[in-house]
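You will see two complexes here that share subunit A, one where it goes with subunit B and one where it goes with subunit C.
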Partner chain A sequence: MIDAVKLHLQGIKSALAVRMAYRADFFISILIMLVVEAFVPLVTYLVYKNGASLPGWNMYEALLVQGVFLLSKGISFPFFFGMVWNTIYRVQEGTFDLLLIKPRSVLQMIIVTGFDSEDLGKLLGGIVLFSVSLAHVPFPSLDLWLKFAVLFFVSLVVMFGFGLILSGLGIVWIGNYRVYEIFTSISNFGMYPANIFSKAVVTFITAVIPVAMLGYIPASQLLGRPAEGTLIAVISSIIFLIVSLLFWKAMFRRYNSAGG
Partner chain B sequence: MIINVENLKKTYKSYERGNTLGEAVKSLFIRKTKLVEAVKGISFSIDKGELVGFLGPNGAGKSTTLKVLTGILFPTSGKVDILGYTPWKDRKKYVAHIGAVFGQKSQLLWDIPPLDAFNLNKAIYSIPDREFNKKLNLMVELLEVQNIVKKPTRLLSLGERMKCEFIMAMLHSPEIVFLDEPTIGLDVIAKEKIREFILEMNKQGVTFILTTHDLGDIEQLAKRVIVINHGEMIFDDTIEALKSHLGNKKLVSISTQDPLPVLEISGVSVKNKLSDYNAELELDANIMELNRFIDYINKNSTIKDMTLQELPIEEVIKKLYTI
Partner chain C sequence: MMNLCKKQFDVFRATVFATYKEWAAYRSHMAVSVLVGPVFFIVQVFIWSAIYSTRDTVTGLTLTQMLTYYGIVNVINYLTYDSSDVDLQWHIRTGGFITFMLRPISYFYYAICQKIGHRLLALWVEFVPVYILFLFVFKINLVPANLFWTLISVFLSFILVFLTNFCIGITGFWLTKTEGLRRAFQVLRDVCAGSLLPLTLFPEFIQKILFYMPFQFIAYVPIRVFMGSYELAGISMSIPKIVALQAVYVVVMFLVYKLLWHFGTKRFTGVGA
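== the complex of A and B ==
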């Protein structure tokens, strides 16, 4: 375990060193990332400022959902979601093989060598949005914080599952960077309170592909009004992770037997 | 024996897309599959400390064989035992004992110095600090790259980069190292340095398997050569045996005082007729003995100058590939 942590830290150090080689580009990229991610919260702000609202949610509660979503992306994107681009790039370039001659799990190697420092902008944005929203809602009790922590961890599990599916697709769909759009279009459902969607959509985003776990469910918990179907969403998140892992392994086996 | 390969076969499924727009569009919906037998039952074994050259034209099955031996690919059938491991089954444990240098795929990180990439490998292989520093210093000195390892990789010449690739591949003290065209594109001096390094490491007991198209690498490094063509092993012996594989052939350069006699005779083929007095010939001494050839020329003309050379290995290989 310590060994794995050491390896991850070294991977982060190397990736940061690579990005720091072009300092201006590094800071500009982070800034751009921050601006891009601020778009949806900005729209939410404008909607509320113009008198409209999401039924049953005040502006800061709605922004809290988006803050949690951004925080979840802010942790997963730099630290493990880079496996998606890393896989697509390496398979296309033919350097995926180099990971297979290292005495580590291939998945670990893709994550270690795929640290994406630019996405630290998302983390920064997530922290700011989460903190600002939290300052305008009643401060949660310790009990709520603990429940939130568990659900937030599950949101990272869902993110990891998505990373596995997209990375697996990257192994077989050579050079197809469009896979990310699949993730964006589905995951964005997690940015809004679920009660604005139809019953069928709510069932889909909690019990089938649990994207509600990415923002709505943990934020609801923190606000002290747990979302309906939270337990189902937790179970389906774990199933989602297992299925994603099996999918990734199946795609990897295809690479092994075909040679890329 | 540390490498034992028995009846290794690998068949790929490949898709035919066609070359016209119509065929390309059609292939989006219906693809014709084709089975490609890349390796058709290769068997060989290699002892510890050997330096074996793997030769073959493009598409012969060398890289596929190498990918199976390094644990990257599953074979279709056959047995491979390397250091007691089956590469594709025990991949994680097995690859800790091997190293690889790919002339066309870099393990270094483009924007940062090789030293940073070495440190990443140190973490990947869990190499203790002392061992790492000792090995690094030794190799840096051997390859004379003291001033290079701290410069960003993108600023290094191809030769300098390749030297660092070797360090990268050998920091964890592998027992077997696979080299895939390690001298491709290098100048004579860099090639020489790398060859010296390989020989030095080989002297220290490291087993090398080298695939290359540079026959200079083979002549200077390999004691044994395996030739693969069309997925089959067509030769496995020493470099000397390879040279005499196609008969006892010599390259003869001859100048005479009087015009050369008719050279279209059994055992002689004219490679280049420079003038009526000068020619380059290929002589098969098994058909036309050397003294008989000299007598024949002297009887019809007078030899002014003559040089005799072994058939260059390029010629041998070229002929072997066309068999």
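== the complex of A and C ==
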């Protein structure tokens, strides 16, 4: 375990060193990441400023859902979601083969060498949005914080599951960076309070593909009004991870080293 | 003159065809839009339906108009999408641009022909399926209020997107790596152009600033022309007038491109970075 962490830290160090060759572009990119992610909260802000609202949610509660989502994305994208672009890039270029001969698991190497420093901007944005929203809602008790921590960890598990699925797709769907758009479109459902969706959609985003876990469910817990079906969402998140892992392995077996 | 026209047409046909064939190999990548576009739209339907459940209009738009706005944004984007900035910056950074300087055709002409080839493929892989889905499944009224003016406005938007992106690409002559700048511009453009949300949602003073910026002509204007009425920052204009103004901005952007290109190419060393 310690060895794996050391390896991951080495990967981060190397990625930062490479990125620092273009320092100005690096800092602009971090800033841009932050601005890009601010779009959904901006729409929410504008909607509320125009006197409209999401029924049953004040502006800061709605922003808290988006803040939690962004925080989850801010942790997963730099630290392990880079496995997606890394797989796509390496498979297309033919350098995926190099990872097969390393004395470590291919999945671990894909994650370690896929550290995405620019995405730290997402984390920064998540921290800011989360903090600002939290400052405008009643401060949660320790009990709520603990429950939130558990659910937030589960949200990272779901993110990891998505990473595995997209990375697996990257092995067989050569050079298709648009798989990110598939994730973005589906995960959009997790950025809003579930009560705005129909019953069927709520069931789908909690029990089938648990995207509600990415923002809505942990945020609801923190606000002291646990979402319906939280336990089901936790169970389906674990199942989602297992299925994702199996999917990745199945795709990995189909790797043919042909490039693209 | 005839010979020159024939030569240019041959270049046009060959580049468009080659780009079409090249990208047709990756048509499944493009087809992702058939899933992504409608899924994004479904989320918008839920969000705006919830918002409108307590009121009839938001900034003067009804729920139907709001959803129509998002539907039109989606389909117009498939027609005007452009990546000339990425291509140009890549060629400059790798030094590959030098091969284009040796060719007997202008890079600008080559790039726009590539865009046409690329979008021709998108027409049937992205535009048509999503259009049909929106029209028949989501029941969004995607019939232009005035077909003639809509076609002109979308065509001008097509050129304007290309010109603005191409100008961003030209910055590659000065900056070694411009990924950050490119993304910054894209975000600014998409927000200010109304590609992500109707500009009327912004506070009045920001709307006034946006009115004088060129971005609205990329998406907001074609969408409003499509819908049949134009209004921003309390200023209403007739459709022919706003389309004429859009044409003026295209000319201005063309001059900006010429100027940047003149100074940019002088800096090119062919070494790469």
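In this section, the second predicted complex is superposed on the first by the 255 of 260 C-alpha atoms of A that agree within 3 Å, B and C clash if a C-alpha of one lies under 4 Å from a C-alpha of the other, contacts with A are read in each partner's own complex, and residues count from 1 in each chain.
We adopt the following convention: contacts are C-beta pairs under 8 Å (C-beta built on N, C-alpha and C of every residue); 3 or more make two chains touch, one makes a residue touch a chain.
Bear in mind that the values here come from a model prediction, so they are computed numbers and not experimental data.
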Of the partners subunit B and subunit C, which touch A:103 in the superposed model: first, second, both, neither?
first
With both complexes superposed on chain A, which partner does A:175 reach: first (subunit B), second (subunit C), both or neither?
second
A:50 contacts which: subunit B (first), subunit C (second), both, neither?
second
Of the partners subunit B and subunit C, which touch A:228 in the superposed model: first, second, both, neither?
neither
Going by the touch definition up top, name the partner, subunit B or subunit C, that contacts more of subunit A.
C
What is the contact status of A:185 with respect to subunit B (first) and subunit C (second): first, second, both, or neither?
second
Touching partner for A:22 - first (subunit B), second (subunit C), both, neither:
both
Same subunit A residues contacting subunit B and subunit C, which ones?
22
Quick one: in the complex, what on subunit A touches subunit C?
22, 24-29, 31-32, 35-36, 39, 42-43, 46-47, 49-55, 173, 175-176, 178-179, 181-182, 184-186, 188-189, 192, 195-198, 201
Name, in rising order, each residue of subunit B that touches subunit A in their complex.
12-13, 64, 67, 70-74, 88, 91-93, 95-96, 98, 100, 102, 105-107, 109-112, 116-117, 119-120, 122-126, 152
Using the touch rule from the top, collect the residues of subunit C that touch subunit A in their complex.
26, 28-29, 32, 35-36, 39-40, 43, 46-47, 49-55, 58-59, 175-181, 183-184, 187, 191, 196-197, 201-203
Sites on subunit A touched by subunit B in the complex:
3, 6-7, 9-11, 13-14, 17-18, 21-22, 94-95, 97-98, 100-105, 109, 112, 256-259
